[in-house]
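All chains are identified by letter, namely A, B, C and D, in their written order; residue positions are counted from 1 within each chain.
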Amino acid sequence: MCRWLAYSGSPILLDSLIFKPKHSLIDQSLHARLGPHTTNGDGFGIGWYGSGEQPALFKGVDPIWNDRNLRELASEICAGVIFAHIRASTGTPVQQTNCHPFRHGKWLWMHNGQIAGFQQVKRELVMAIDPALYPFIEGSSDTETFFFLALSLGLADDPPGAVERAVAVIEQACGDQGIEHPVRMSLAVSDGRTIWAFRYSTTGDPPSLYYSTRIDTLREQYPDVPVFRTLSEESRLVVSEPLGDLDGAWNEVPPSHYGIIQPGQDELHAFSPPH
Amino acid sequence: MCRWLAYSGSPILLDSLIFKPKHSLIDQSLHARLGPHTTNGDGFGIGWYGSGEQPALFKGVDPIWNDRNLRELASEICAGVIFAHIRASTGTPVQQTNCHPFRHGKWLWMHNGQIAGFQQVKRELVMAIDPALYPFIEGSSDTETFFFLALSLGLADDPPGAVERAVAVIEQACGDQGIEHPVRMSLAVSDGRTIWAFRYSTTGDPPSLYYSTRIDTLREQYPDVPVFRTLSEESRLVVSEPLGDLDGAWNEVPPSHYGIIQPGQDELHAFSPPH
Amino acid sequence: MCRWLAYSGSPILLDSLIFKPKHSLIDQSLHARLGPHTTNGDGFGIGWYGSGEQPALFKGVDPIWNDRNLRELASEICAGVIFAHIRASTGTPVQQTNCHPFRHGKWLWMHNGQIAGFQQVKRELVMAIDPALYPFIEGSSDTETFFFLALSLGLADDPPGAVERAVAVIEQACGDQGIEHPVRMSLAVSDGRTIWAFRYSTTGDPPSLYYSTRIDTLREQYPDVPVFRTLSEESRLVVSEPLGDLDGAWNEVPPSHYGIIQPGQDELHAFSPPH
Amino acid sequence: MCRWLAYSGSPILLDSLIFKPKHSLIDQSLHARLGPHTTNGDGFGIGWYGSGEQPALFKGVDPIWNDRNLRELASEICAGVIFAHIRASTGTPVQQTNCHPFRHGKWLWMHNGQIAGFQQVKRELVMAIDPALYPFIEGSSDTETFFFLALSLGLADDPPGAVERAVAVIEQACGDQGIEHPVRMSLAVSDGRTIWAFRYSTTGDPPSLYYSTRIDTLREQYPDVPVFRTLSEESRLVVSEPLGDLDGAWNEVPPSHYGIIQPGQDELHAFSPPH
């Protein structure tokens, strides 16, 4: 079912984010606590906004706990907006083109969850994608289809609205096929400046999602923790599972809500796909 | 541009077919002589009709010359109909789901060549595929799209006719986009009993294709070559490049023709996609 | 910490052994119950005595639960002596040359456990290997070193004695370095006719190991289970973890013992490395 | 037989070095001109001195022409000392632990050539390695053995002397086994500040090796080539094959010589292993 984390703030080394925490993504790849799969070993991907025009990607089909190149790069790559994802496939092949995050232009997209009965609705959903975008689809995953649907429905102008409209299209298509519980998602999207993080499911419990407490609050609560003094107050993490045990450091994103992490005040809003 | 071989006849070990010949597929993966690429290191695939209901597949994304598992299996797998393919990608990603041969039910399909301007016509071609078949598409290659198009156009009932109709659809779609030289192909298809091998291109020279001389003829010409005595008279090879230098052992398939390898008399016919 | 199974008996498909059981090796790769690691995703290997002079091997560095080629081969490969192993690395790199089973001539060898402090004693142990065997060492694992040590100490003539002597050498070398708990092992060795299975640790609990009850007994106890009627009475499994829940089907190998699975009567003996 | 390049100078993007040149390493992986192998598809490796205490490595077992992660990183990694290598195996397995460059502490080492009859002398050479260094050996290649031998013989204090002494040890061991033409090498070593590049073979022609002309000379000769104005005068490349066709840009390293690329004046010296 996957696990992910999204970071925005002071430039930090991948190492601090991916390897150092107590319940890091590496730990979650073997011992996830809050999802149906303890193991997330079907590949991984890191995306970061670096020196190029578009974000850079590093993906592997091997389990993240084994990837030596990632360990090397973790001490070399430093960025202010970072996406990291570990995959537990919901059926589509394990190949680099099915690893998250997905990229189109300056946009990054990653997901935990699934489109239920995807094979039955895939053709309809793919056909709803803007023909001009169709050639950019490389893989076969539900997540990538979802991404290109959102791009077709105005992601570049209004990410929350586009994601709501995309979910509506998916729910409609699944409904037509009698597929129950069509959408489960925790989702992160970024253009390199802002991160939108969504938590939603058509019915029942959506996948877990947490955001970190404001840095200035954490600094007061924990004056002896050095990292809270070095990180800027803009710094924020959104995660499938808390990376550590510090009381008060993590806050659940309510179901059917999305957060906006941006310069200045971050926001939390209701997420309401049209029905 | 790929190289392939198809075999039908007495059951033989993969080893005899893939590793032993003088100019084997292994040699062709490094030193192909008759195509634009000397190197065909973008993965490989073997298909054979064994004990199961459908043919079995063994595919790798590593260069065939490095695959140790294949060397092991080559001494263990014995079959009477074998497809083997080495890939030089024409643009789509190197991943197992893009390696040939492709399989659907009892059908195997492999290809050397390309659909020119594929990204421009892909959506149209994929949409022309029978919606009931759409969920079986796993990869992103032009070859796989071509296969499913042929399946949609009656491959199961009339392979040559279906391939002709599929080529016509492709040429039409490319023509609408102003794409020149749309189709270049040497193609092999089998249902486990018969092999159809095609050589065609819309314009210009199609990829090379040869078939082996009848075994009884070779037995007379070369009474000292042991293998000609052990192979049945039904035994036939179709190859991108001759596997050896024996005079009179290899015959060019004429452009715009296809061969049928079957129990009893094999046949050669004109290949004429409707325009 | 790895999991493995060894089978001897009526020729069966790999599929029956590796994929079909309720708590199969595939299940154990994600949800092992009796070892310190629930996940064993650091590669896998299958060895079987087929048509060649030496046993054949199929190994992968990907998690066994993802390997599509293995699923294909499982329906094609049939043998009377089969070794299957899934790996959780104890430190050495994840690469095919470190996957079990290891092979030398007609011998297969696989292991669950470790040589503690291996990097400190490796040079000494490797130097104790017969120089004529040294060039055959391909990887860097403790298991492979253990194997070649046993080969050097007479495995071909007296497997239990050679394993005892090898353990003694390892315990001596570790003792000299002050390494505690030097050897933990469940181990399987075969020459294609006999399987020797060992369970031992220098101190404390050795890794789990079970052998299946005699087929004639199981046939009486469970007259409605079809497989007990089709398997020969010689058929026997030795496993890290029981493959299913049937009462009375599995028996623990006592610590510091080894079993011999052979035509006719199987045996159980004390395992006593000289001190 | 491998191809490599070593760069020292103004910090540049990997992309400029590895992808952009006319006859880049990518081109050489498919169409090498000056070695016995046109294809060098048995893995690759990049090492660079970045922000960490030791140089960083990125290695792959896939052919360099297919590696998508490398293309991504090429636009992100910038360094002043870079080693890049593409491999054509001389017999040892294709695995990450056999890819160059090799690293120990601050040292990088890569090689084109071979130790002839390596399997016959390997044990002797490995035993000559300092026992304290033995645990750091990860792979099975002749190049890595050569590296650790040189480390054992004083590489940290006197690289040219240590390499000479290591070659002498290898030639002696091979001579004892009646192995002719024991050593062929073009070799690069660096500590992050200096690069030593060697060209030598016991008998006959050593592998090709070239160094770039001084930047100030190239700037005068080619005032219209922009890169000669942006690179510092310290900038220097050493390559198996020239990366382009510019007259006067490339100079052959004479056989049995080594170059020192360092701040200030670079040097060229005779390379004379003691006999």
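Keep this in mind: a residue touches a chain if its C-beta (ideal position, glycine included) is under 8 Å from a C-beta of that chain, and two chains touch if they have at least 3 such contacts.
Keep in mind the model is a prediction, meaning the values are calculated, not measured.
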item: Cα-superposition angle relating the copies chain C and chain B, to nearest 5°; value: 180
item: Repeated interface matching C-D, over half of the contact pairs identical, chosen among A-D, B-C or A-B; value: A-B
item: Chain A-chain B separation of Cα centroids, rounded to whole Å; value: 41
item: Per-residue overlap in chain A, given as positions that touch at least 2 other chains; value: 68, 93, 96
item: Parts of chain B lying in touch with chain C, wherever the complex brings them together; value: 50-52, 56-60, 68-69, 72-73, 75-78, 96
item: List of chain B residues in touch with chain D within their complex; value: 30-31, 38-39, 41-42, 61-63, 66, 68, 89, 93-94
item: Contact footprint of chain A on chain B as seen in their complex; value: 93, 95-97, 119-120, 122-123, 127, 131, 134-135, 137-140
